[in-house]
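Sharing a structure with you now.
Just so it is clear, A, B, C and D label the chains in written order, and each chain counts residues from 1 on its own.
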């Protein structure tokens, strides 16, 4: 069995791994590198594949171009997992497999790029077995993350089973979905796992990842404190974080009218609504400029009656929160208004500068800030240890991180008895690892 | 009105403030400086007042020695508020006033120091009005902190009302007690507050302090994950954190037998039980060496049946957790056992070194660690803003911090319209501030 | 004596302090707040005084508008000390006093703002005594900083001597200037100092500020290593750091041709040359676009023959270093070219983001980076203690920092026997402190 | 060729690497893990090899026990390179090769451990070629570090040349020794290097390592400032840092009498004196308790006449600086005395706590502190790049660091065209890497 570590092995982002066995290849994920996306957003859609490759924003897949690729398996709908599909998938004559919610995002990606991608996008429900070829079967196992229907993909091959999932957590008190299916994982382990490809984003953090329900309590406390104090209340979170948005609606408990403001909020929540993952019947969802303007005008005149959820939690210039703070709309912050960030700042200098500028602008207008009401979607050290314990994989290729992060996972694996380059391996973009 | 800022104005710890009005003086708090306590613990009890004064561990109160002191008011039972009573209270011919739970701690302090202190210790229930003198009345208003029956003290004087409370938070989802009585605070504000003396410990942290209920969810998640994985489970938290201990008992939900191990755990929880603040009927509480040894022997033989709560969360050498990790008892950690720290490391180099050594010892024995399952007991920036908004004090003297922390509070006060040395003041140990 | 703390008491930047004695007032410094300058640079010149006041970029001087102001004394030529002159000085009918090099900068400031400022700008040599009025005399005492001819201003008044100097260091191995005149300072101390107004920028740093000569050795080592390796060498430092530029010329020692590229480099070095503070006879100084273009074209063709010193060490978009990295000129970086930052990144998120972007751009082109070859121009803790020891001032009002920094200075002053609000005071923009 | 990565591949410390070629093996270094040494110092000497192995303080060398080991090559005299010799060398029937200064340290190590080690210790001068066997030749090439006579070892084998050196820097302005012999390195490169084994300690730091001469200027500035202020002056640095001690003597320039106080200072400097590496004729060197006591008594009575250099710069309890601060000797610090740390705190919690306690003790006695007058002995990123450029090794196995540090070196190697597990490898204690 060969593992082609194509992207996400020297950075967080642009995930792409290909597993080759018996002459057949399956690709896992095709993502963007997040940092390159910031600032270059609009224009990337216009760029050719070759130009995009040169920017370093998408994985270099030349080494598997001539492989017999049978499927592109997408674990979940975040951009660092689906963002390169419009550029790269067309070169492979095979279907794209993913869960129904992810399918909606993949289709939107393809549509936005106005590209002639004709790979069929096939929705596979969790727990179903999908027959890729005579030799290959796929099952999406249920795990938690920070977007609906994230999966741990189980690929059955003649050489043994492969488990791929580089963004996941075990949430024992999730909101609006079930806990990670640890029984299924243990059963997979009992049947024998040849290879596991986990992510490493939070492997340096000791302990376990906090649950969504624990955050929901905090969110409710803060929201109630804002309502008690009075004034406008604006909240921002990641648009694909549907569980969080459900917690917000629940915490509001009918006390104020709710509006979702912004294009990505609309796209991700509408897609979720179509699959009955969220109830938007009491939410006003707006995205076009005039809609937003009209809505914020109403809020300005009745600031104690609205809870506004807006895009732009990273301080992105031009996103709704920035527009609101810059008085693009007929809405002005007043002393004592509230802005809640149900998110965490992505720790890159550019994002930190954006958030700093946004917060400065808001503070100067007298806004009270509530930050980091949030939990990660990524397994921490003891969660990762559980994944190893549950599935006892023969080999591990950690992914989704720079070499230091991959190394931190190796340290954990050593504690569990693995040895470097014997049964735990460090990838490199472009490296091919042979698994015996 | 004169404010004598005697202790806790150049450090976190050894709190002591005296308010003088119309020839009468009331003292608020008499505490230790925490760092001096570490390491010197046992011996401090043997030292004379003068020797202790020289170490810098207790406030220098010479400047008010000849005042007509009418009462010593203790806000809550933490050592940095009560620890200097055995050394200093005897010099004042007046009662010590505090809530019933604090009374138990104060009496223990006096007893442990084997000193001839004969100040009466009087328990005053929250909400009751206590008549200190013809001119002075005291009421304990309810606030949340991290120990039972913490208060915001309201002293009514002919020159106006004084509010003192330098360790408090607003917990909107507390465990085992009510939310801070914001209505009472607002009413106090309406009646007019001449002077407020708040603490500054967390004023630099934006937003609000997280609730105990939010931590309880996290605690339950982690505890359940340990039970699912199996093995010994040992948890450590602050012994006076009765709410947290209640959350632990509740999270356990009868799944394992519970033992509380250690002297301070016994003292604080037994005192709480006597006041019906916690139910220990299903908890085995041990403190003497042989009791602990016997208990840990039992745990060693039935590690899946016990949840042990032990003292020593800061890694204090000689505390129970350190004893257990050092194999003082007939108990040995095995690969996969669990230790949960429901606390935060106090950020001083000595404590950090202690914790580091303890964790290293445990990791080498294969223990899985879960850390920082915790929330602070201190108001953060927006909570502090609320206290100002609720009570609209004419003057503020922030306390309980070094000059940088006091300065941070001044920055907040400026945002609320106060000006330095006009109506917000920076204290200094030994300074007397005149309030007009 | 009254001290009006007008600017620089809640931030680093926009310094302005007025000392009032016997009905006469002297203003010290009129500066910008640095952060507001970033980004708003070009436009500030077009703004009215009132508009600028509203941005918060310049000090609010309303409270002394009707005072009898006799002189505006400028300590040195940095923007946070001279930047507000074009906006504010015109309101006062008095001369601006400064050293010859500072005079050149002040005149440039006024000229650039195209304002009708008619205050005479008078150059006073260090050591000379300038008669401001019958009662007031001024002497500039020599200290080191990071710009030529920085001073500690000694104002002699009937109520006692005032020493003002909020940017200074003691450099025992300076480059191109003398060591701080400690004998003069001690003599001033012996004659009695009523009030000292020091800066606080580095008071939190223990020890002493490193010397320019020590940096010069490091600079020479790095430069030589670049020459040995070959390739283009570009260096960037603060344009007003004339000592550093002298060290660069000396370290080069005729090995390569030197070019200074950029407007501010030209202005500051040409002003220095006119006063014989630097010898530019072997340096090609260019600033207009076509000059720069032509120069960089030459460098591109002979990269081993040139040492280019360019503006833009903070990564400012549009500055020369950014232009070069963005291939604005006919010059392309090659693998192995060198860029030396003889400076430190100003620790604000916006600057950090700019530098991050610039460095990323250069690394992608294969440039080798050498950073932080630098020392501060500010006294550290033990230097500050020396200033107190030398002059033994009766009263101190620390300036040039937020309240935490001012507080740190108070901590130092306490160690030297001062007490808060007795003889060491914390200013606030707009506060008036009475000195008895 | 096989590389056995035995120690120092999962930590900084206990370095040991064995290179096997054509049936012959050469061992490079046999060191302690520093952290285990702290606190366990005295007792380690009493422990058996097996007991020491179990503590994790020395490398596990079982896998090469039956190899035909021809030589143990020691790069320099620091404990993490020589500390395990008394425990491990006896098992190999071969000589220990090192430079003359290192030889003295190795012999002291063996003597202190009272072990029956009979490996001959052979001094080889830099530049000489030593014939290990018919097939193997060794040459020590000159590099800079932070101890005299540090080397880059060049082992000539039939399969190609091996270069080992995991603690080194390029100092272009060294003190008391020559600059790294870059010509020799380049020549080695031209002759072809099969394998390079560099250290990684500072590879994460951008730029170049600062020179000793640059520190010497800073040291002289600080020392002079102390002399000018008057009072006792005590300095502490690493005892093996002979260059630094030479700078101290030079900076003192006969102004005060100099004493070196402490056992390790005596050992390292006396060894250096015997090889004419330092002139101690004007230095009083004391180490026995009574000698130290007498000396400090003299200093107490004539504090303006002495410069004391004492051991204990890391705050080690019981070292001379701690003894002095604890008033073990008839010497008391007075307000305004000076302590200079010409070193950096090793960033582990235990060391930080020691230093914190020591500094606290001294500050309470009024001592003025000067810290971090220091440069590292380790190559930084661009120095490492130079080593690669000079020698162009076919393969690289970075050493002396945890997996994250080794990974950082791999990132650098990638920039220079290497690929993971093709020509740059990540070791693991116990791993054997095959080089083709």
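The definition used in the following text is that a contact is a pair of C-beta atoms (placed from the backbone, for glycine too) under 8 Å apart; a residue touches a chain by one contact, two chains touch by 3 or more.
Computed from a prediction, not measured in an experiment: that's the story for all the values here.
Counting steps between touching chains, the shortest path from subunit A to subunit C takes 1.
Set side by side, A-B and A-D show the greater C-beta contact count at A-B.
Subunit A and subunit D have centres, each the mean of its CA atoms, that are 47 Å apart.
Subunit A and subunit B have Cα centroids separated by 41 Å.
Subunit A has no residue in contact with two or more other chains. On subunit B, the positions that touch subunit A within their shared complex are 170, 172-173, 182, 206-208, 210-211, 213-215, 217-218, 220-222, 224-225, 228-229, 368-373, 382, 385-386, 389.
Across the interface of their complex, subunit B is touched by residues 348-350, 352-353, 355-357 of subunit D. Residue ranges on subunit B touching subunit C, taken from their complex, read 10, 402-404, 406-408, 410-411, 414, 419-421, 426, 428, 430-431.
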